[in-house]
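Each of the next two complexes has chain A plus one more chain, namely chain B in the first and chain C in the second.
The block that comes next holds the complex of A and B.
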């Protein structure tokens, strides 16, 4: 029964980007996840032959990652680069020799030929650059999290509404095929009623970048300082909070947690170890953990239902009542046990225990997974699709429906988590930061 | 080097034993499906396991045949 439900709930196994516009079954996915309308086959046809003229503001590691993706796309042209750190600007200019270079983003926003702006600066600069960009009439892509302060997230959202320009936030899992399918499975009941979510991100590195000069510590390693960054919560957890809300179709009503600088005592100001519990109104808890001094567990968002478990990062699902092993394998195991259990033979069983382990099934036939160690991005994580969709939106002027709201709530919740840890109290989701969003009824 | 001649009769015998091993594997597959109430499509989805089991059974039989031959020769001495 469950297997038929799985097959019925799945979109076609071919690449969803190529075929979404042509498959009847994709209609449900587009209705359920409307931001995907920006990257369907139909959308691609509409913008065929056109190029979104973009400026990249912030050409550090993440900016360079986006530039690499954009240069592979046919629907984009990078016309301007901007960074106030000259070595970063130089490295970007080497990749895009035809682009004009600037160190002041306001000069970029004044260029009439720039249609869209991609912002990959440190977090503390997201808000004012995004707001300025939208007010300057530019369609804007801002990396996640939205901003360093809740009031800035709300200001960005309000400016987006007021200006009517396209705004994208860098929540690439919304465009990752295995996440889309995973959510289809969740929402169609394959794993039953969600009873728990466990999300975690473990790494083992100090998160530092090489410094050409010690005086550049706060500029290059901005992620480690409160003035510029929310640390693990804004840089990592915001992705996973978005996934949890996506699965639950609601936002948590409260959060409590603890954070510490446990291992990397190198003068940083942000926690290197966080543990939080977010509670949804129906009692489901999202347990969040992140630690950057041990990489054993990698990263995952385990969505636990009463019929099964989804692990979208690994691209797998596990049914509680797993499909049994083939009869012949069970028979061989039985014979092996009945013969060898009575005989004292040293060493492990010679028959692989394929009859007893639930190894799960893959969500997609071709799977990409990463271990969480990359601070920049990995192939197949939805970033390419996200940026391509942005380019399509820049050309058409149509926003990606619901994307900003999803990103907004994940950003607010990550900042609320920081408050909970700092104040060592239970924090209730503030009413003043709730925005109308029908998916999170 | 001495030439090893595998007679037609020997080839026939080995092929018959291989066939018997394959039939034995199929029977085990059927038994497994019945005992553990799994799906009948395993008759063809488990073809690789059948191949492996055929080879295992063949060599198991060969092992006992060689043991038998060794025992006979020792006994005759």
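The block that comes next holds the complex of A and C.
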């Protein structure tokens, strides 16, 4: 990463909370979304000068993305790297020459100097490494989805509770400024009562990585095989199910859907086309669609209310009846957050635009929307704040409140969706997988 | 047609109308419960719509249009409210050395019969344009209405060009309002602090350069000038920002002497 990008990234993180309007540090969002307490100015001050000693298990594309971010942060030091695929381990070691390297994760967990473990392995490896890591007394960050089987998700959650160690799951939208502001708007009723959610993720590519050798097909392209992956549901939908539940403050009670291997008939086992309907107990339906042979629609979680529509991925909202001036919305936002600042509002008379097209308004002044085509990660999507918050938690030993619960349900729901499609039947949310979580009462 | 939303934490109602009097209206009203604020906002809406319907010169059925039609050939009466409005506009015409002129040509050609309360154009065709007055008048009416309902904190933005305040910002400090440079969006010309008073801004717009006409010369204003006026009276702010946009420095000095408690900001945009 070049110097300019690094500087921009640092500025972005510094201005993160400022953008959100939490100038006083005691914003509404910290109360409503308590996991954010791990990345406030107060939290940063508390850990100032300290470094979380981390091990990275899984140094493929996502692992390398996190390493790149961690190297820019003040509060972490990568002391160990682990991957059972030598070329990936080598590329990580080149970035972090001081770190010890391992091919067996159990050796990493035995290192006393390791305080925190970041797991970015294929999905089928998440559960046992996370459980072993927590039991070894390590604070643990595991990429989403949690696991390939519901019982493993629950076992991870229970181990988290039993060990009292920090657990983070890689749901970066929980830390994305435009999502946080979007959810505040939804919960304060700006778009009215939620009546529908349409979430989708479209790409046009085969989702394959180049193979150095055909024998490595299943190892490199693990996302395409049922033994390791839930396909689109665990890799993409799990993020968007989390957003929908976050907006709804509840989980769906049932799901039905259809999945097919429609276009990429290359021996893969996971669906390349999925259409599902999740139903909440109040009748709201979440319609989910993902297809990787057409990218026209990109990705979005459209939240539809009786007064307006919110598109958090694009960072925009649209009101049904009127579009208040952006300056007024800025003033309202400031008043709601007890912020006093100048609003640029006055000028010669505003004239209505001739085009009646409702182009919507931006949730935040600076937006970082992406088109959904990257399968690694994009700047400004909350990933950096998420990992920084994890490092803070490693240092303080305090978990990020509610974060695991939000992630747990999105994982279970992505797996339930797969069951519904495989069995071609309506699936009810299983009682035995409900966990005590007051926000989704 | 209006949108409204109550923000519980701040005890604030946001009301918005997308298109009224040629522009949009946004209102923040404080100081009562949700039910009362909603009812107040609805009354504000009803009143603003009534004024819009009365003063809209683009609507051939509006009272103003009917009057301008009838007054060409015979002295014509009107409602008491419209009469008072026209008298006030005549007063401002005098106080601004003729720069504020609702006929856009020569208001002195309109004959006012103070006894009969009629106007007569004496065969000439005038159109009466209250564009530089109506928003200020509406804000004055709204202000009085809000006060009568016990409201003493509010922020009204009428199309950005007219901002009316009651009381202060919730922080206790005056409302800080930045004046945008119409030729350089995002750039600020300045900031004014409002505390229970009104701000009106006039200027040429990049895409509507020629929309303000000098009644004396019948020429459209050219150049890139923005005038903001802060006043205790909503109508005075409105009238003066239009008149002073056309007045040169000397004329401005003369005109402002006729008004009290006003502050004028003139920006010549390079």
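In the analysis below, the second predicted complex is superposed on the first by the 384 of 441 C-alpha atoms of A that agree within 3 Å, B and C clash if a C-alpha of one lies under 4 Å from a C-alpha of the other, contacts with A are read in each partner's own complex, and residues count from 1 in each chain.
Keep in mind that, in the parts below, a residue touches a chain if its C-beta (ideal position, glycine included) is under 8 Å from a C-beta of that chain, and two chains touch if they have at least 3 such contacts.
What you are looking at is a predicted structure, and each value in this text was computed from that prediction instead of being measured.
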{"item": "Chain B versus chain C as contact partner of A:189, first or second or both or neither", "value": "second"}
{"item": "Residues of chain A touched, compared between chain B and chain C (which is higher)", "value": "C"}
{"item": "First, second, both or neither for A:98, with chain B first and chain C second", "value": "neither"}
{"item": "First (chain B), second (chain C), both or neither touched by A:112", "value": "neither"}
{"item": "Touching partner for A:340 - first (chain B), second (chain C), both, neither", "value": "second"}
{"item": "Touched partner set for A:319, first chain B, second chain C, both or neither", "value": "second"}
{"item": "First, second, both or neither for A:330, with chain B first and chain C second", "value": "first"}
{"item": "Shared contact residues on chain A - chain B and chain C", "value": "324, 327-328, 331-332"}
{"item": "Residue ranges of chain A touching chain B (in the complex, touch as defined)", "value": "324, 326-332"}
{"item": "Contact set on chain A toward chain C in their complex", "value": "28, 188-190, 307, 319-325, 327-328, 331-332, 335-336, 338, 340-352"}
{"item": "Of chain C, residues touching chain A in the complex", "value": "1-3, 5, 7-10, 12, 14, 16-19, 22-24, 26, 28, 155, 157, 159-163, 169-171, 173, 176-182, 186, 188, 191-192, 199, 201-205, 208, 226, 228"}
{"item": "In the complex with chain A, residue positions of chain B that touch it", "value": "28-29, 31-38, 42, 45-46, 49-50, 53"}
